[in-house]
Amino acid sequence: MKPILAVNMKAYESAFGERALDVARSAREVANSYNDIRLILVANPLNASRLVSVYEDLYIQHADPVGFGAYTGFLPPGGVKLEGIRGVLLNHSEHKILYRDLEKTINMARDAGLEVMACADTPGEAASIAHLKPDMIALEPPELIGTGIPVSRAKPDVITRGVSTVKSIDEEILVLAGAGITSGNDALRALELGAQGVLVASTVMKSREPGKKMMELAEWMTRWVKR
Amino acid sequence: MKPILAVNMKAYESAFGERALDVARSAREVANSYNDIRLILVANPLNASRLVSVYEDLYIQHADPVGFGAYTGFLPPGGVKLEGIRGVLLNHSEHKILYRDLEKTINMARDAGLEVMACADTPGEAASIAHLKPDMIALEPPELIGTGIPVSRAKPDVITRGVSTVKSIDEEILVLAGAGITSGNDALRALELGAQGVLVASTVMKSREPGKKMMELAEWMTRWVKR
Amino acid sequence: MKPILAVNMKAYESAFGERALDVARSAREVANSYNDIRLILVANPLNASRLVSVYEDLYIQHADPVGFGAYTGFLPPGGVKLEGIRGVLLNHSEHKILYRDLEKTINMARDAGLEVMACADTPGEAASIAHLKPDMIALEPPELIGTGIPVSRAKPDVITRGVSTVKSIDEEILVLAGAGITSGNDALRALELGAQGVLVASTVMKSREPGKKMMELAEWMTRWVKR
Amino acid sequence: MKPILAVNMKAYESAFGERALDVARSAREVANSYNDIRLILVANPLNASRLVSVYEDLYIQHADPVGFGAYTGFLPPGGVKLEGIRGVLLNHSEHKILYRDLEKTINMARDAGLEVMACADTPGEAASIAHLKPDMIALEPPELIGTGIPVSRAKPDVITRGVSTVKSIDEEILVLAGAGITSGNDALRALELGAQGVLVASTVMKSREPGKKMMELAEWMTRWVKR
């Protein structure tokens, strides 16, 4: 399995308009250059349907537990699929939902043929989510998000406990680590701790050169594969 | 001022993928054929950024009271603007928000250069929204939405009271009527009652031929203009 | 009509246990000493049913739009009435609810025989609430709550506009002013601006001698009556 | 350890006013007659502070993740304690909260010296809650609540899996079963499946003779102890 580099575009200014297209084009280049890792771009709902025509390994940042119908402004998993988007990120620390809604949305996403990456703040929350069998769980201590203090340095035990907790429930779920990861070295360290990928955001999206930052992260993660 | 025909695509199956493109193309044709009315397409957040390249007089069905930043899955009005979308629908009966959030989102949308259509269930709610000075208020008794029982027949007084209440606070706000409108005749009746436009959804989106239904509505509303 | 002094106990430490009983006993004394004003104590849901046996002119700080039934942890207006409580405060700036839920709860409270005081942040919000015909509307600019900067000094126009807006919709609704009121003089000034009462909280509840503070406010408001 | 019979009074009409006092008095009698079990009454926030003077082994149906302060209408765990209430029920199927808020409220409740019973809809949700170390977890499949179809008959595996999942994380957490339990026999069956108690509601609160129904349940559960 290839290690995963997931880039959450969030609602940064660089996530919209022309700049978002640049990020998507850069992602394509990085993915082409580094075949040993998988690069997932997690786009804002506002333009996921537009960016997917530029970069196809694209997730959306949220979906709602609704089917097709009279749900003004809500995002049905079935609609996400019809827009050609590959997967959905759910329950991010900045967008928490009830466990019950998470269960329903995961089931609807799976039925629609979408991949699912669900976020957890703690190993305990990760345990509950593992029971819902998403494809991936991204573990991010919220107190480190956006700080530049990498989880893989500051809270290595969160990663190791998270990985073992999730795997003890379902071995097939991939566990990603996130929060505060800014350098290739931080990403590498997360893999060494047992994570199968990383979820990053500000380090790419607030960078002057998002493409270059993605390149750096991909480069270090490739080293891990080649060891 | 041209009467307004606003079509809320909601999250109907026809609002996504290829079928959504067909609706947008049809909207363009109708708008070209009927210059005396204004046709606004209100797209789901999932594909508003994609449809706007086909039909430019396009609104999005929701936005959140956030600026640019770390807001995973939320829709900043500034991002809506950067995606080239013209306006935003807020506070729909199926997506109610707190008055305080409505105020904040309207202000952010205006600052971003977006038009705003805000929904109200009752003349009383319309009054409060009029104080926030959106461009348009769409008045829709929720008990009639999707029923096929047109507000303009079943509750004409809601329209007349709504119009007078809103206009007494701010004359420049356009008042649209909605809920249960299915025929051109229903739309015409709404205009006769003082509304400056109509908001429709299921009658177009659940139709086998959405373009034909929009055409019919536009045709009747044009008669009103030519009287 | 007697001017109203409403004391919101909130969730201050002095709002619970023995100290809450002291506040209720003091309220009784003040009410007995100052017959020209009406003193309403607005108790936390945790002990409203207990305090009402000490002071009967008592409101509760919130209720939910539910009837009797399987609603674990929710507060039906009918239950509030069965507990002997006189009225309910709704939609406080710290506990905002959807307009739709406010409408439903006000109707249920009225049907149960409860008085209703609804809060508004702005004259615009007050307008919408006036359409729902509560007994009182308490207008509180949220940016002044708890600051000690009295609305009656800092934003007198909010009071005057709020009063005229509400009265233009329904003359019988009483309008109270609140936020930042700490002295008898501030309260007096609110009455001079057209308010029919004041809503206070921290100045009483965070005082070492809540009874003395209520006494002071009652004293100044009584002067207004005797003018 | 004594098996637990927890009675959730919810917001049934019998949960308020005089009838609630009757239930509390009956609970006292049952508890006095059946020393081998523990009877917990879970009162509505509207009158928990009043009922605890009649029956002391009393929980409240909800609390909020707030400390003392300006939180109009919210229920601080510290205030629950000051009102003499013994414990708090959280995250009931009818009152779901975010995992993050559950974590915060459990911690605040523990710091205040309250016992905590947290509810879970599924064994998966129970797993996540076990990581937060409440005193008890009540497992209730929501689709059976109020149906009269007992979980201990219809979904015995939910109980057995729930018990083993929770115990594998923390052996000291007591696991209760609930939903649809109406007879003493149903309660007995839950104990046989490994539950350490039951959570009931409608069968007592909608009964003409709540005391008699509690007596019946206590009687059967006592048999289990005496085996």
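When the chains are written out, they are named A, B, C and D in that same order, and each has its own residue count from 1.
FYI, a residue touches a chain if its C-beta (ideal position, glycine included) is under 8 Å from a C-beta of that chain, and two chains touch if they have at least 3 such contacts.
Only a predicted model underlies this, so the values are computations on that prediction, with no experimental measurement involved.
Engineer: Compute the shortest path length in steps from subunit B to subunit D over the network of touching chains.
Structural biologist: 2
Engineer: Same residues or different residues where subunit A meets subunit B? The copies count as same if more than half of the interface numbers are shared.
Structural biologist: The interface of subunit A with subunit B is built from mostly shared positions.
Engineer: From the mean C-alpha coordinate of subunit A to that of subunit D, what's the distance rounded to whole Å?
Structural biologist: Using C-alpha averages as centres, the distance is 38 Å.
Engineer: Any idea how many Å lie between the Cα centroids of subunit C and subunit D?
Structural biologist: 34
Engineer: Going by the contact rule already set, what residues in subunit C reach two or more other chains?
Structural biologist: none
Engineer: Quick one: do these chains touch in a line, a ring, a star, all-to-all (complete), or other?
Structural biologist: ring
Engineer: For this structure, enumerate the chain pairs that meet the touch criterion.
Structural biologist: Every touching chain pair, ordered by label, is A-B, A-D, B-C, C-D.
Engineer: State the interface residues of subunit C toward subunit D in the complex, per the touch definition above.
Structural biologist: Checking each residue of subunit C against subunit D gives 8, 10-13, 15-17, 44-50, 60-62, 66, 68-76, 78-80, 82-84, 89, 92-95, 145-146, 201-202.
Engineer: Using the touch definition up top, name the residues of subunit C that touch subunit B in the complex.
Structural biologist: By the definition above, subunit C touches subunit B via 96-100, 103, 121-125, 127-132, 169.
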